[in-house]
Amino acid sequence: MEAIILQILNGLDKGSAYALIALGLTLIFGTLGVVNFAHGALFMIGAFCAVTLSRILTLSHTIIDETKTDFLGNPAKVEVPYVHDIFGVATGDAIIDWAVPLSILFAIPVMMAVGFIMERGLIKHFYTRPHADQILVTFGLAIVLQEVIKYFYGANPIPTPAPQAFTGSFDFGAALGFDPNLIIYPYWRIIYFVFAALIIGAVFAFLQFTTFGMVVRAGMADRETVGLLGINIDRRFTIMFGLAAAVAGLAGVMYTPINSPNYHMGMDFLVLSFVVVVVGGMGSLPGAVLAGFLLGILESFASMREVLAILPGLNQIIIYLVAIIILLTRPRGLMGRKGVMEE
Amino acid sequence: MSKSNFTRRGLLKTSAVTGAGLALPTIFTAQSAHAYTNEPTGSTVTLGFNVPQTGPYADEGADELRAYQLAVEHLNGGGDGGMMNTFSSKALQGNGILGKKVEFVTGDTQTKSDAARASAKSMIEKDGAIMITGGSSSGVAVAVQALCQEAGVIFMAGLTHSNDTTGKDRKANGFRHFFNSYMSGAALAPVLAGAYGKDRKAYHLTADYNWGYTTEEAVKASTEAMGWETVAAVKTPLTQTDFSSYIAPVLQSGADTLVLNHYGGNMVNSLTNAVQFGLRDKQVNGKDFQIIVPLYSRLMAKGAGANVKGIFGSTNWHWSLTDEGSKAFVKSFGTKYGFPPSQAAHTTYVQTLLYADACERAGSFAPCAVAEALEDYEFDGLGNGKTLYRGADHQCFKDVLVVKGKENPSSEFDLLEIVEVTPVEQVMYQPDHPQMGGAEASLGTCNNGA
Amino acid sequence: MGILEVKDVGKRFGGLQALSDVNLSVKENSVHAIIGPNGAGKSTLLNCLVGKLIPDTGSVMFDGQSVLGRTPHEINQMGISRVFQTPEIFGELTVMENMMIPCFAKRDGAFSLQAIANMFSEKDVVERAESMLDDMNMADKRHMHAASMSRGDKRRLEIGMCLAQEPRLLLLDEPTAGMARADTNNTIDLLKQISDERDITIAIIEHDMHVVFSLAQRITVLAQGTPLVEDDPENIKGHPKVREAYLGETA
Amino acid sequence: MLGLEKKDFQLLLVVAGLTLLAPFILNPFPESSAMAQFNAGYPDLMQRFVIFGIFAIGFNILFGLTGYLSFGHAAFLGVGSYGAIWMMKLVSLNVIPAIFMGIIVSGIFAVAVGFITLRRSGIYFSILTLAFAQMSYALAYSVLTPITGGETGLQIKSTDRPLLSNLEEGEIGRANLFGMDMRASFELNVGDWLFTFNAGYYIAAIAMLASFYLAIRIFRSPFGMMLRAIKSNQTRMSYTGLNPRPHTLAAFVISGMYAGLAGGLLVAMDTQVGPERMFWTASGEVVLMTILGGVGTLIGPVLGAGAIKYMENILSKINKDVLHQWFAFLPDGLEDFVITIIYPFIGKGWHLTLGIIFMLVVIYLPGGLVEGGQRIARALSRKKTSDEDGPKASTEPAE
């Protein structure tokens, strides 16, 4: 029982990450009709926004400390962050400690800008091109982006911890009346789940309740007609791309304490997020979210050792197996529309 | 434009003399003209440095490459000579190898066995490399080692920790300086028993591939011999990035120790996740919960940040060692590049020196002669103390370092502290040990390629 | 007993009863038109005939055999060809290739491994396709990409492709929709000629009364998923029920 | 000629000429010149050019003709390789049975996978094939280790005693063709040039020419026409009494067998298989090769395969020292500057160059390298007959 509750928690948490990435991918596909293989790279860039901000916050000048020696036996250079000089050591450390949450503020404008530039500079020329061309050009872009990041940040993962206040985990077991320690879950992951839920909710609300959103939804259904109404749908689509980039970026920022970011984390997520989107049904936002959670939960269950004892290797293939079963029973994924990317 | 000193087959340097380009074509089969593959007949000798330059291990590969360049510099008489001054053998003169200037070519393994073999083959076929070295994973090491065996060149393995490299997949033309899973287990177990007691319940998370299997087997065997109990061992996919669903059930199992048989990115992520779950703040069975990482890589451990603090593991070498060899190496590497070398850099540097020294002692580049010079060769002064290159399986036997994540690092390189230097006797095993492929495993015969 | 017998066919989409109690009999070698206002269920009925939809109730018999449960290509191989509202042709292929494909389908069937072997012998097929293009007066366009032709030519090609299979029943779904008057008249002439010269039954769904009354020998009027009347053209013209059904509709 | 039209026959002749003379063509630079770095005429890379050419030709039969984008094609390459190496380990070291085993195993696997995945089309088909390939990869890497060798893959070992061989004790078997070692080479030394004629390469080259010939025949046959018809309009296809699925399945299986042939050849040339061969990036690579070269063209996939393998093997080997030698003639400051500019794009940065080239080709040459070639050819012929202005392709009528 405890094990099952725990894996459901896990599944929700994993699922929220999948859903968040898939949501951005679907926004772009649904509104612009572009298959964006660079979406994983946007997620990665988001994560590196957090890395960059924490680098900025720890920008420092060096002083020579004669009392210590470095690895070669010379007097050690000690780095003193400027924030220490400005705010004093205690406040300065606190600011550095909160680098990841602060990065949210930093990442939103950066990611929007990245999104706008990408859409205006590249993607818009590919609206009418075949999907194969879109895949190739965005895949090329993804490689370029990740190589640029690698050039500046190296290939190794870079630790970006959550603030001290969020370390450790909450004991659901004790709260629910089980023995303590049986169902524990890290605070940061709980925050991630809540954050993802808020973003997902916000995106849906935005599309549902604002005029902007209504126009975009109409555009998703029938682009030409909306264009005929004299509405500049192109500009709205650009903004939509920026939004999708921001969603991917925020997912990346918040993910950094869970897995230390590295330059290829986008590619690691890319295939998975495509599977999620397709299982949900191309172009369906609720489908993407549903599929994200479904696959997250099933993946969690497949990793239980009790399950692996019966079916060794199931954890290796569960996502793909589920994808195959769903696509064979539901031709267009869970909530896909007819005729979207079927030719 | 200067004349390239990147040789193709050294042979050309001499045969190109045939009539300044207008001569009749000379036709011959590759093998018959050489005593062995890529016999260097000019004034230079080419080594092939095959390291991951793209993919997750690119930084490790870059560090290996730095060490190779340093080694070549030292071999050719440049720099301060590094470990050549402390090496017990004095055969190396600083005038290249056997009087021939050392040159090198580099390639990208991409940490994929296909790409690594393609790159190694191009070094052998195109650049005339006489020895291939490098790599940062066992899959690549085994694949390239088999290739070098076929082609008739020497392979000096880089970072490869799986038992298989010198176990069931050992080859007569391949040599490994790096330690292996068995040694990690044998070195760690007594230290762990000392630190955490003999009554522990361990939960293993194991990367689901060969290296993971051998490491789990080795650590299990040696800790169980100390009296520990293995509660469960769960395999995790290589491509896994989020280990939460594997770590969450650990406490429920009643285990009080978590062993992460993961390497590289897997290790960084699983360790980060485990610490995030607050496992180390918990008490189980009246004991503090502990996490163990059998194989540490400092470069990668950096990615886990503060999470490594207080966590035991083993490593091949560490820059904070104070023997003369290590100090000399750290000094010349640190002076040249500005930061201390990694264990991958150390092992590749040492492998290059050992190869060069073996050539000198053998008086030949012929792979079989070099292999013979390396087999059962005892040396000292290259870090890790007295070392034996065992002839039966081409594995180096030397002291193994048990390390712990440092609580108060003084710099970004100062992540690990050496807890114990396990003497070589304790990690010794028979060449036909069951974990090493048993009696079936054989080196085969050495291949000169001719 | 007609060549096509539709009995008590009903089809429901969620809450919408698209067809109910449809009975229809098409006589061999006649031209039978099915008319009705928008949403009357004409297209649904057509889709039930060709295997795209399976009716919930009733039966559809072609030449004494049930078509229900068969796939579109199986039904086609029974001898029913279909012309679409928007011409469905192979746009990226040349006109000649477009014409060769039905000739292959006629000769080799839906698919068999033998057909792959046969496919390297194409002489008879080429000859047949060429004569068919001549019949359609399209021989001069044989190397054109089909997509680059005018709509009227596309329609002509599509009809030609259907005829190349020598079907016994040709189903046409608003063949003149969206066409200019001249093209419409050309199509009418073509269909008349086909009906006169060939051993073929034609069933046509049409909106345009001009087309219907130029061609049809028998007319069924469909309204709200049920046949209203079935009669000869002259009786349909003034029929009160038909007027009622079309009230407010343009004919 | 050979059942081909004149134009196709000429193309075949050109390809045959290029392939057979590759050792010369790919080694244009003298050995001792700095440009020798760009020579690609060594056996391993030449073999890879033709083998991945076969792989891409096969992929193009499926994708170029039917439009079905398989995102898991590397699985067939991998499965074929495993089949071939087991044949060598157990039965015979001769490459012919091994290659046939590779083709058969891949063919059977393709029938099974195709039967399931072809129930869907478009991206749903792509994801289904991707799923099968990823499952193959993941299982081969882990739980199937006893069969696949897992991470370390399979090689021929000294303990392998194939039935039809007379190896000495402890001897490691080598791939051969009726006794001829795949690695045997003749070297032709002309002045400062060295040309290598490798047995393995010519076997692979002949296989490639045969595959290319068969591909032309398929493209030009009515079967090829059917496949193009499927891409063009599946609805019309069904309503013309043709069942698209078995046609597509046949194309899928043929394409899978091409991949199996490539996989078998890889093993024949280099007796080793690892599971990464089936990873999704490998499947992606063949898609990129085909699109880069030109989808649906005959020669495009071969060009694309060559371009990508060239970059992977040549660009990645250029390091800073090589750059310093090239630009040693420049004044020091300028030399450093030039190297700083170039360095990110070569050696460990070769992925960056690859990405940029993908983007440039897609943006400016939607038809791939073939279109680039055509444009050049057109530009040249326009110079000759500048007045000939061909009729513009008629615009599509509004629907």
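All chains are identified by letter, namely A, B, C and D, in their written order; residue positions are counted from 1 within each chain.
As a working rule, a residue touches a chain if its C-beta (ideal position, glycine included) is under 8 Å from a C-beta of that chain, and two chains touch if they have at least 3 such contacts.
The model shown is predicted, which means the values in this text are computed figures rather than measured ones.
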If you walk touching chains, what's the least steps from chain A to chain B?
-> 1
Find the most central chain, measuring centrality by the gap between its CA centroid and the centroid of all protein CA atoms shown.
-> D
More C-beta pairs touching across which pair, C-D or A-D?
-> A-D
Taking each chain's centre as the mean of its CA atoms, chain B sits from chain C at a distance in Å of 73
Let me have the rounded angstrom distance from the C-alpha centre of chain C over to the C-alpha centre of chain D, please.
-> 46
Just curious, how far off is chain C from chain A if you go by their C-alpha centres, in Å?
-> 52
Whole-angstrom distance, CA centroid of chain A to CA centroid of chain D, is 34
So which stretches of chain A touch two or more other chains?
-> 312-313, 316
List, in ascending order, every residue of chain D touching at least 2 other chains.
-> 138, 141-143, 351
Find every residue in chain C that makes contact with two or more other chains and list them.
-> none
Chain pairs that touch, as defined at the top of this document | A-B, A-D, B-D, C-D
Chain D to chain B touching residues, read off their complex | 31-34, 36-37, 39, 42-45, 48, 138, 141-143, 145, 150-153, 155, 157-159, 170-172, 174, 183-194, 196, 266, 270-272, 274, 276-277, 279, 312-313, 316-317, 319, 322, 325-326, 328-329, 347-348, 350-351
Residue numbers on chain D that touch chain A, as the complex places them | 67, 69, 116, 119-124, 127-128, 130-132, 134-135, 138-139, 141-144, 234, 280-281, 284, 287-288, 291-292, 295, 344, 349, 351-352, 354-359, 362-363, 366
Contacts from chain B onto chain A in the complex sit at residues 55-60, 62, 208, 232, 234-237, 239, 241-242, 244-246, 248-249, 251-252, 265, 268-269, 272-273, 276-278, 281-282, 284, 299-300, 302-307, 319-320, 330-331, 334-335, 339-340, 410-411, 413-414
Of all residues in chain C, those that touch chain D in their complex | 50, 71-73, 76-77, 81-82, 84, 86, 88-93, 97, 100-102, 104-106, 109-111, 116, 119-120, 122, 125, 147-151, 161, 165
Tell me, which parts of chain A touch chain B in their complex?
-> 2-3, 6-7, 9-11, 13-14, 17, 68, 70-72, 76, 150, 154-162, 167-169, 181-182, 184-186, 188-189, 257-260, 262, 264-265, 268, 299-300, 303-305, 308, 312-313, 315-316
